[in-house]
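Naming follows writing order (A, B and C), and every chain is counted from residue 1.
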Amino acid sequence: MSSIAAQLILNGVIAGAIYTLVASGFSLIYNVTKFMHFAHGAILAIGAYLFYAFFGLGWAVALPVSIILTSILGALTNFLVYRPLRKRKASSAVLLISSLAAMIFLNATLLAFWGADVKTLPHANPIFDVGIASITATQIAIVAVALLLLLGLTLLMKKTRLGKAMRALADNKDVAQTVGINPERIYTVAFLIGSALAAVAGILIGLEQNLNPVMGIQLVINGFAGAVIGGMTSVPGAILGSLLLGLVENIGIWWLPSGYKGAIAFALLFLFLLFRPQGILGKKQREA
Amino acid sequence: MKKTYALFLTLALLLAACSSGPLSGTPHGSGTLVIGGMYPLTGDGAAYGIPIQHATDIAIKELNDAGGIGGKDLKIVWEDSKCDAKDGATAAQKLTGVDNVKVILGGICSGETLAAAPITEEAGVILLSPSSTNPKITDAGDFVFRTAPSDAYGGKVAAEYARKQGYKTVSIIAENSDYAQGLRTVFRDSFKALGGSIANEQTFDPDASDFKTIVLKVVDIYPDAVYLAPQTPAKGVLLLKQLREQGYKGPIVTAEVLIGRDVIKEHPDLVEGIAGVEVHFDETNPKAKKLFDEYRSLYNEDPPFPAYMAAAYDNVNLIADAIGANDGEIDADQIKDYLYHVKDYDGALGKLTFDQNGDPILDFDVKKVIGGNLVVLG
Amino acid sequence: MALLGYFTHLGILVCIYAILAVSLNLALGFTGLLNLGHIAFFGIGAYVAALLGLAGLSPWIDIPLAVVIAALVGVILAIPTARLKGDYLALATLGFTFIISSVARNWTSLTRGALGLPGIPRLGSISVVLAFVAGFALLCFLVVVWISRSSLGRKLQAIRDDELAAQVLGTNTFLYKLIAMGISAAMAGLAGAWYAHYISFIDPSIFSIPDLILLIAMVVVGGLASVRGAFIGTVIILLLPEPLRFIGFPPTLIGPAREMLFALVLLLILLFRPRGILGKVDIS
């Protein structure tokens, strides 16, 4: 395999891993609460900025603090915005619009506190030459974490009580309630875990691509696309779809004009929505 | 029910009008001369608009402290054009229609200037921009002037430099926004006209952060040089970083973004050896130095866009001189003629002359980063 | 008298956006189609009118053509997406907007890409433009009101409320969705064409997602399935940020403060008046 081709595929894998980081939290939340939490992108960005804020205190402090704070923020968003709407029996469309509003609000907060200029996180980032391709330390971390997430989330969903409760809730909310599962509590947990994942994503992406206030928007859209392609109803599916998206994007612009890179994600999304809306690993949705 | 809507609409429009203009509480005494200003004060463009606004305000304060124009103070009414066409049009409409100004300083972004131009042309109002570089502004109107060069030049000078260095093939990577696209088109056409060949031409979306495959294509071809046209320093640095990481070690030619002083200071190793093209601007000339010292003391930071800020400073003084030559009365037609006749005006930006289209006749320098310093080449 | 110019300008913008809001309401409020592609039709109408106008065609031709092409695109988009539900439809139409935006930005030989299209011919004094645009706004208003009271309107609302039931009762829901999208897109294209000829400069930023969110806010705030509500929502959302000039925020905070206020208002309306000011239904 030529060195260029190998590097190309590696680039696709790294991009896919980045989308995976975003899609994992997003998909977890969607699976449990059944609506599209667009504000996930803003939460991700806040996680990155909180890490930046505490960066001076060293990794050992900045990492856990930013992840925990972000996790709480995500759960708070659910508590203050989505929960009241759910209590009023709002439809998923209203929830979608409310998540857009929450996203705008959180992004504006980010802008107010940290300003519009780009922030960098200076860190040692050696390049490793693996013969036919090269990869940096940060990129290795991204791929590794993505794989860990795939493993971890699959285990969570299949093996733990919490995971089973989540799946039960996702499958049939009413039946789940009758067996004693408290939906709101599970939703809170989903938001806590999902937002923590968003923080991890934000931090890694911030290390790789620097921070800017709108970093979350584009990422959540691509993560979205990845999740749909892989199957919204399956967390490992979301990860698979993101990987596929990363590969198709990078290999695609080898031949297509590079300006269309963003459109490739959407074209792929579009195709899947038309011909296989449940995604690669998803199950066909029952009418609610 | 229809009556309530009419009432509602009237009230709403009244509210909007009240929030600015004669009823908003900014007194215009008879001893003041009023002009308008439309810069992006919110949104993405504010990163440019606000510092340049500061420079403009510094110029006005300096002018007034020295006695104003014939004893009268100069006052500016600011509108936020948000770096957006429809807001540029709204700002221009409001300044010409409500505040009745005869001179507007701005816009900063080309989009807002292009949208304002038809309105100011029709009203016979001067529009003077310190930073809009879209080539189409050249033909935007008789009353439209600017002290920033058309993008048509920066790309041409870079192409000439590239040919002179003996580069036969060049790859272009440009951001998909107006300033960068202007540069890309001109560079490509000029380079080809001078006998060079373009190995490949790629663009990237303003939202993109992952250029690894774009630069991989360049590495695959390995041209004699690469011409980079990012719109902002952040993207430029990321792009350059990934270009080097993926393995291109050859020479880089660029415009002004990547040779910005902040960029060189923060990433000296990354930008070592790249050649950029900038408007000839001597930052140590006394007027510029005074402006920047004042800016630093007021705002505790280095001036982020020295050339545009110097241009904005000069714009204020050019207008003031024109008004002064008319016995302190503001007459747009007279100012227009005055500006067209300006020759070798000695300003913070350097020597300024306007051509017959209201574009500035400026020199360009090719500068190279050598040992962390920016060195001017021939 | 010059004050009138400023009012007229605001009036023109309000009318253009009102057409957009009313037509979005037709798709969203009446038919229940979560169409996030509406801004794409606006932009397509603008680009068609701009390109043809710059090529020398008379506005009597380029504006109707912009309307027709926008309508066609709307129908073409509706065909494959008709069977998608709620969130998935939103996603697909959003994707469509992104793709069109990408095309506008990259097909530089046609659209000049990011450099935009300046110098689009203006169509007379602003009073004339206001007269036309207000007239068209009224026309669209009346059309949608007429639809809402006709059997077509009843069919659309039936589709919104319970598509399965409508199908069981024999309605060709597919066809009606196409009709709704087509008319909605046609109006958006009309608004876009007039926008292009008035502002005289357009670039790919016309396909902005923030504007789309603004548009949805206009419809939601004013009230779904209420035509008058769409109009009120437009006025409120367009002019809401103005009073902020009074509060002395430092310049770097005005932008974020404005956005936060906007998001809060939207959230509050969704929480306490999910029907909007004049709305008759919830989005279900």
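Methods note: a contact is a pair of C-beta atoms (placed from the backbone, for glycine too) under 8 Å apart; a residue touches a chain by one contact, two chains touch by 3 or more.
None of the values given here were measured: they were computed from a predicted structure.
In terms of C-beta pairs in contact, the better-connected of the chain pairs A-C and A-B is A-C.
Among the other chains, A has the CA centre that is most remote from the centre of chain B.
Centre-to-centre, using mean CA coordinates, chain A is 30 Å away from chain C. In whole angstrom, the spacing between the mean C-alpha positions of chain A and chain B is 38.
Shared contact sites, meaning residues of chain A that touch two or more other chains, fall at 217, 257, 259, 262.
In chain C, the residues that reach two or more other chains under the touch definition are 102, 105-106, 252, 255. Across the assembly, chain B contributes 46, 176, 203, 205 as residues in contact with two or more other chains. By the touch criterion stated above, chain B contacts chain C in their complex at residues 1, 5, 8-9, 12-13, 15-17, 19-21, 24, 41-43, 46, 50, 53, 80, 84-86, 89-90, 93-94, 96-98, 100, 111, 114-115, 118, 134-136, 139-140, 176-178, 180-182, 185, 203, 205. Put simply, chain C touches chain A in their complex at residues 34, 80-81, 84-88, 90-92, 94-96, 98-99, 102-103, 105-106, 164, 209, 213, 216-217, 220, 252-253, 255-257, 259-260, 262-264, 266-267, 270-271, 274, 282-284.
By the touch rule above, chain A contacts chain B in their complex via residues 4, 7-8, 11-12, 14-15, 18, 116-118, 120, 127, 134, 136, 209-210, 212, 214-215, 217-218, 249-250, 253-254, 257-259, 261-262.
Of all residues in chain B, those touching chain A in their complex are 44, 46-47, 176, 202-205, 207-210, 212-214, 216-217, 219-220, 232-234, 237-238, 245-247, 266. On the chain A side of its complex with chain C, the touching residues are 35-36, 81, 84-85, 88, 90-94, 96-98, 100-102, 104-105, 107-109, 111-112, 115, 217, 221, 224-225, 228, 257, 259-260, 262-263, 266-267, 269-270, 273-274, 277, 285, 287.
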